[in-house]
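What follows is a set of structures for review.
Okay, so chain A shows up in both of these, paired with chain B first and chain C after.
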Partner chain A sequence: MLQFLQLIASGIAQGCIYGLIALGFVLIYKATETINFAQGDLMMLGGFLGLTGTLALGLPFWAAFAAALVAMLFFGMALERAVLRPLLGQPAFTVVMVTIGIGYLARGLVTMIPEWGTDTHVLPVPYKDDIVSIGGTDGLILSMEHIVIIAVTALLIVGLYLLFKHTKIGIAMQATSQNQLAAFYMGIPVRRINMLVWGLSAAISACAGLLLAPITFVHANMGFIGLKAFPAAVVGGFGSIPGALVGGLIIGVVETLAGFYLPEGFKDIAAYIVVLVMLAVKPNGLFGENLRKKV
Partner chain B sequence: MRFLFKTHYDQDVRLFRHGGQVFWYGLLLAALFVAPWLLPDYYVSQLVFIWIYAIAAIGLMILVGFTGQVSLGHAAFLAMGAYTEAYLHQHGWPFALSLTFSALVAGITGIIVGLPALRVKGMYLAIATLAFGFIVEEGVARAESITGGNAGKAIGSLEVFGLPIDSEQRFYYLSLFVLVLVVIGVMNLLRSPTGRAFVAIRDSEISAQSMGINLARYKTIAFALSAAVAGIAGALYAHKLRYLSPDQFTFLQSIELLIILVIGGVGSIYGAIFGAAFWIAVQQFIVLAKDWLPPAIAQQTGLQPTVFGLILVAFVLFEPMGLYGRWLKIRTFFQLFPFYRKGLFRRQKSYMKSERLK
Partner chain C sequence: MSLDGEIILQLNNVESSYGPVKAIRGVSLKVHQGSIVTVLGANGAGKSTILKTISGIIDPQKGSVVYHGEPIQKKDPAWIVRQGIAHVPEGREIFPLLTVRENLLMGAYTRPLGEKAAVEQEIEQVYGYFPILRERANQPAGQLSGGQQQMLAISRALLAKPTIMLLDEPSLGLSPKLTREIFEIIVRINRERGVTLLVVEQNARVALKYADFGYVLEVGRIVMEDPCAVLREKEDIKEFYLGIKESGVRGTRRWKKKKTWR
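What follows is the complex of A and B.
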């Protein structure tokens, strides 16, 4: 039983990471109706920026964390302005291909930066190897890394909730995601909002990268974990922000349990089996909206 | 400039529109026929890769370019074809039979993958195929009794109708022959009612449905055909490499096929072939360029993905119709000379076409 709880706890932590990356997908999907295949690579960039912040610049961890988020916010906005905006109004497939290209570029260029390279790096975090045990010495043991992941994710979600509910920008983002044209007529600067959404999404995935770094290390291909966030987004219903997080948690927990109880090999494909089942049973996901076009 | 006077309805569906095309394609075929005698073995081998990639890309083109369904897991069909061929070859089946059977197995897998396509579309379908691709990749690695697992599987020498295919030249002719067959087959498909239905579905599912096209049926056919052609490519690929392992059929391989389509130009057979040729050529070029680039750049392992990424982004931004589109523009320029104007191929901008609504 205790072992089961232990697995659930680490599954939830892993799921938070998936959820955060999925959140990035969903934000961009809602606003611009395209999927950003470079999301995982943005996460990797965030990890590397954190690395530079702490090691090369000597910032304290949390300062470097914040700096990396801000840097990625601007990077995401710049990316939208430079590459995505010229494609506004093109079919989703075109934009998807561009994001795939950006992913390739990011993975290639990162290995050329002297301090980053192809090596695997360790991000020094102040909470490394700390553990917290609940219920005495033989109770549930949680590693600090996992607790930090869960706590930061929760904070971020609350922050996003407040942003979308109570600020003008957040409400403008919601309007844009529901109907660009109508939002435009209402005087919302749709393009600038899209830019902001890309920035926000990049910052969130950078956050995921920084949280994941103590567990999996930082390297050029860490972005491939983003491929497991697709199932998370679909399970939650692409286009639903709470759905992304719930989907992430489901995928994380199922994956961890599959890794422990099922034969070898199932851990890696558990997420994909879950998503195929989901698509067969409920194609719109748990929180998805079901809209139909009227001709 | 050539003016075609149509005097018969057949002229609309003929494979060759006019005598000039017969002449030029004949010349091209003749050139390809003598090429292996004139080129060194290494280049012949690269040409074989182009033919194989072109077949795979044509397979994907049926789905992406003509039916408008996205697949991010096409490497899985390559893998099905390749491993079926390897398995049957090992058990002594003649090549013609085992190739057909590989296509069949891949095609049936395609139908299975196509099942979600009947319910979901757009990005959901992309993710379903992606999920399927990963599952096949893992399955191939685990089914050690058939595929040899991660250790890989070697394939013996090939023999076609008693003729041993033991040199690059012979394999070149074999793969070229298969490519030509596939091209002719797909061209015929496109002028048949089935092919027209595919294109109608791509352009608008709702209007296709209103015209009496059974979406489920034609989408399934598209998946099956696309997968079968990819399976043929996979079978040839198996014999070309002579050694199969699961890491040849990853997600990145599926993405590579999509990139080939985008570079070549989505929506035409030319696109698939141009894209494949360009893709192989670029890889060769990167290898060659390493010799004269400063070592600081040439030693970088990230060089290849960087170049791929740049090319892909540049194509989508500046030449969205791909190499074939560029060729069309050049041809039109000379045909209309001096009346070609800049806006002739301009993309129409729409605000946003929502796919969220069915």
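What follows is the complex of A and C.
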């Protein structure tokens, strides 16, 4: 039983990472109706920025963490302005191909930067190898890395909730994603809002990367985890913010359990099995929107 | 009533098109401060295009849109909203997943943060016009009925604190009774708040009843303009917009000759 709880706990932590990347997918999808396949690579860039902040610039970990998020916020906004806005009005396929291209480019360019390169790096964190045991020495043991992932994700969710529910700009982001034309009529600066959404999405992905770094490593291909975050977004019902997180948690937990109880190899395909089951049972996903636009 | 106020909005020979398709061909019209002006026309006559051109969603190829003495054509829609021109689009175009209240707040998007208290006060005023919106304040707007959505769309535009409001077929899809109710409130808004109105309509009977001045638009051109009291008595209007046909052979012949009017 304890074993099981232990697995659930680490599954939740893993799921938070998937959930955050899925959140990045969903935000951009909702705002611009395109899918950013470079989401995982934005996460990787976040990891590298954190690495540079701590090692090269000698910042304390949490300062580097914050700096990396801000840097990625601006990077995401610049990406939208420079690469995606000129494609406005092009078919969705064009944009999808461009985001895949951005991903390749990011992975390639990162290996050319000295100090980053093709190596795997360890991001030094102050809470490395700390553990917290609940219920005495033979109770549930949680690693500090997992606790930090869960706590930071929870904080981020609260922050996003406040943003979307209680600030003008947050409500305007939702308004723009629901009815772009009406947003124009209201005088909402739609293009600037889309830019902000890209920035936000990049920052959230970077946050996932920085949280994940202590568990895995920082390297050019760490963004491939995005391939598992995508199923998370689908399970949650593409286009739903709470859905992305719940989807992430489901995939994380199922994957961890499959890795322990099922024969070798099942861990890697667990996410896709969950998606197939979901698509068969509830094609709209858990939180899929059924509300159609009234004419 | 007030056709003696200063002219606040004027279109001079405006031409707009969607790609190669010309939607309006040289439209000129004037709107006096404090008046209710209506543009009548059938489907595809170019009514909505006129409004979209004014609010900057479409840029005209030719001509000018003059507001308070200054040309505003080809400006950014957000800028135009800030100048006091609010648009109530055809088919309401509300934000379906936002609550009614959030929809109203988005109407006030262009207003500075310092006016927050004033905006709250105006939301209360708007609830006074449409009490149902207060009851539904925290429901997603997509759950409202068509009439309620129209009320929300009008209220939302009102929160931009407009000098002039552009209404695109407020009667669309509504019952005659509801249409009348909405028009009565529109008139109240005009009288009580001094908001000038430019209303585009297919429902000539209602529009001519409540408006001060009317234009008739046909395939992108203004073919008639007069105070509504005069328009209501014109034979052509009676026949083709109000459906009152002169009986007898002469009336039928006339009707056949002008069939293109619908």
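Here, the second predicted complex is superposed on the first by the 290 of 295 C-alpha atoms of A that agree within 3 Å, B and C clash if a C-alpha of one lies under 4 Å from a C-alpha of the other, contacts with A are read in each partner's own complex, and residues count from 1 in each chain.
In this section, contacts are C-beta pairs under 8 Å (C-beta built on N, C-alpha and C of every residue); 3 or more make two chains touch, one makes a residue touch a chain.
Please read these numbers as outputs of a predicted model, since none were measured by experiment.
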| item | value |
| --- | --- |
| Chain B versus chain C as contact partner of A:181, first or second or both or neither | both |
| First (chain B), second (chain C), both or neither touched by A:2 | neither |
| Chain B versus chain C as contact partner of A:171, first or second or both or neither | second |
| First, second, both or neither for A:122, with chain B first and chain C second | neither |
| First, second, both or neither for A:57, with chain B first and chain C second | neither |
| Which of chain B and chain C A:189 touches, first, second, both or neither | second |
| In the superposition, chain B vs chain C on chain A residues touched | B |
| Residues of chain A that lie at the interface with chain B and also at the interface with chain C | 181, 184, 289, 291, 293, 295 |
| Footprint of chain A on chain B - complex, ascending | 64, 70, 115-116, 119-120, 122-124, 126-128, 130-132, 134-135, 138, 141-142, 206, 251, 255, 258-259, 262, 266, 297, 300-313, 316-317, 320, 347, 349-358 |
| Residues on chain A engaged by chain B in the complex (per definition of touch) | 29, 32-33, 35, 83, 86-94, 96-98, 100-112, 118, 180-181, 184, 220, 227, 230-231, 234, 238-239, 265, 268-269, 271-273, 275-276, 279-280, 283, 289, 291-293, 295 |
| Residue ranges of chain C touching chain A (in the complex, touch as defined) | 55, 57, 77-82, 87, 89, 91, 93-98, 102-103, 105-107, 109-110, 113, 140, 142, 146, 149, 156, 160 |
| Touching residues on chain A, where the partner in the complex is chain C | 168, 171-172, 174-175, 178-179, 181-189, 289, 291, 293-295 |
